[in-house]
């Protein structure tokens, strides 16, 4: 596992991309073990590719590989690309409020080794989850936030996160972050919303769902953008409900959905399986 | 099967309803084989009940049973109620446009005996499904409709349907009916919408879904009310999709959902399993 | 919640049961809030019923109610019945081996108040989960078991459980218990099996599933009987898999299924929603 | 659509396969629009790949391409491979007995253009579906089969199918075909079994399912091999059931599963998405 690397590519589609990239990697002793690609349109579309490869026989250093790839492949094809190595796991910070279910699910999976990352901080605007977080050997930062203290609290958060958070996960964090804060983590903040967006955006989605009388409820993991609940969707799932489900029943059932959906989305993000394309995602799973 | 009857009740909840109703039926030699009940609130809520019973040993006539039930049970409890006998199947009319998938699904199930009803008319605003309908031994009425001819066409429809349609099914009927027409079939028109409402109400839901980048698509069967796509939801279902699904793929997948969801909803309506409560439904299945 | 009671009934079907039972309860000031019934056959079948009712206005004591019910209702109808009060929650013991996922799921839900029971003991044949169990304020008993020490270990288990376990939950407990032990908890032990039984009974079901190339895997919660993996099934669920899933992937995915399926089954058992009928279950949910 | 081609490859895994194949195609003016690959093991495993490509700018003839591919690519890598062109759709024959649901589903989808194939024959061992088949403009062959006439009937079937059936679909065909007949269509016969195999193999699976008290039922599309119900599984799906489902309810519900599962499997087979590997399938969808 220490020798796995992942390459993600976005570029204008044209013939020869797969051949060029795989040739390049092959010529450097790299063994591609997994390749996914997708084009929005065979003529004039946008091309996306994700490769997993093994590096034990790679014949150059990482910096040399990156430099050569840029010159030989990426520049001619006008590629956006990123390369990550499993030996350098992503750094993740988690933001929480009072609910523990999404947080516990992530920490439990992380402790089992299911989520390939380093958790560098858990920040709560309430103190109640401190003990649970610390039982995993992780630091808990209590940062209360009111309308008055918001900009100050966000500044302190940025201090804590500075250089230590590739990805931010909002695990039922009930504060709306400022556009300035969001802009500091472009395409790097994942939120879980407790409805099958775009239905029931905004507050109290389970109440909205009950009032509308829907027969399925859902949960949505998405990237956070300036516009609330409107960022690119990573994963969704649903459960059947009936008239018998009280509001509390919906919340109970919804918690299970939220845990599963957020855990899947986070795993895929950490494994570089998610490529953002405008307001949508390509998920190579 | 000829001796099954179904009783649906809505009334203010209070102690003793189940005992009173079941005693009444027992005292008349009727054997309850299925009983479902639900209360919105144990204190001061609305109570709903559906009973299926066998009538071979019933000791009075149907009219006598109905009259006695009204006096002895329904009046004291302020009940709305309806009683139906499987020997008097509902009369159903189906409205279609050019798409055949929902229509064929219903006709195929009806021909198998899965849908307990008499189909009294199929009306299309395009002529292309005439032959398919007639191959089932059913009458097809071609009633084209333009903005100019709408009121006239609706009047002709009412003539065709007069006294012959307990329930109207819009099987991908792409015309918006006038409020006056809708008002003639209160809580008696079932529509299939090709999204998991309330998401993507209105036109072109698959295109909307694709543009939003959702990971599940759905279909919704609902009663038609004056407000478009806002009536009580009877049934919904969803399917997983990914970035790989083109708009045509979504439509293909969606057709399967629509067929299943509409068929289930229609079956439940015909079996008196659906009770409307405000803008929601109680479905005893 | 403290005033809710639940009555479960099994008896030969005949006309008048619902009327008699609901009349009896109504006559004692009890308000039925939920009623489910089922008959295997309208003529000569077996009848099952579950009622939930509110007791604040009950006009007699519990023992008097039980005695009167036996005489007035149960005896004439030849009923098996049980009555439970939410103010007397069930006592539950959990058996575990080394895997923590099912155990943690149950404890986390129990701590949230989702599982209405008292957990009186957690017994492990390995010591590794001791700390996790104790962090919930619960006692952990380490009882190693080898073929040689089995009967002794089971005897010690019976000591620990004596009078303190209405229900035993095998949360991935990897020891086969002796028929004598099983006989002490008739219809009171719930196990989680990691396949959609009856497929892949026995050991290593995920490996069996992978070798057969199935496209869905599952998990099954069932009552333990003398015959291994053959007891009445309470709940099952499945997940889609493909050729891409390695054995480890199946196990990861399966763990999520096992957690959900066992948690649902346990909740239903604790709420008296499961009635055993031969080798099958009636689940009123 | 007329210019799409599909290449399927199986070979021992080793570095450089993707690069070699994509280079070869690129060098002949072919534009790869879809590529899926899978290896059972990065070291010493078996490698599978499916490519879709566009041929309008291909610089050689099909026979020349095939010959060159064999020499330049397939031989060095010891590949099993097949190449198909959408302009040469597969020829399909369907075998039926009395049930129409799977047949109608296939014919309806085929008539819509969802199944890219030519249907060359429908053969029934009962005459009752003749009219329905002919209404699609297809030939229906009535070939009754008894134990005594089996070998003769199979011989007549082979006459009808000779050179006109790449793929045989058993759409609820209730006769067991002889090993000799099966051997004539190696990996080319698709059957639908009405259970989630390997559970409930053999006859009457819905009855078996009901007796075991399972909470999910399923359907399985698989290739036919000599051993009954044991061939490579292509697709499966399931539906939830409860104690309330009678045997007839299970059959009704199962029919919907069978239609969906068989239709999906047939579509994938026709699009060359299914590669057989021992007793399992790789499905690139």
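The letters A, B, C and D name the chains in turn, as written, and every chain counts its residues from 1.
Rule of thumb we're sticking to: contacts are C-beta pairs under 8 Å (C-beta built on N, C-alpha and C of every residue); 3 or more make two chains touch, one makes a residue touch a chain.
Quick caveat, the model's predicted, so the values are computed rather than measured.
**Student:** Starting from the defined contact criterion, work out which chains touch chain A and chain B both, please.
**Tutor:** C, D
**Student:** Which chain lies the greatest distance away from chain D when centres are computed from Cα atoms alone?
**Tutor:** It is C whose centre lies farthest from that of chain D.
**Student:** Taking the mean of the C-alpha atoms as each chain's centre, how many Å separate chain B from chain D?
**Tutor:** Each chain's C-alpha centroid was found; their separation is 37 Å.
**Student:** Mind checking the centre-to-centre distance between chain C and chain D? Centres are C-alpha means, answer in whole Å.
**Tutor:** Measuring from centre to centre gives 42 Å for this pair.
**Student:** Could you pull out the residues of chain D that touch at least 2 other chains?
**Tutor:** none
**Student:** Where on chain C is chain A touching in the complex?
**Tutor:** Touching chain A from chain C are residues 104, 108, 114, 135, 252, 256, 260.
**Student:** Applying the document's contact rule, which stretches of chain D touch chain C when the two form their complex?
**Tutor:** Against chain C, chain D makes touches at 38, 196-200, 212-216, 218, 232-238, 242-244, 277, 279-283.
**Student:** Over in the complex, which chain C residues touch chain B? Could you list them?
**Tutor:** On the chain C side, the touching residues are 15-16, 18-19, 22-23, 25-26, 29, 31-37, 39, 42, 54.
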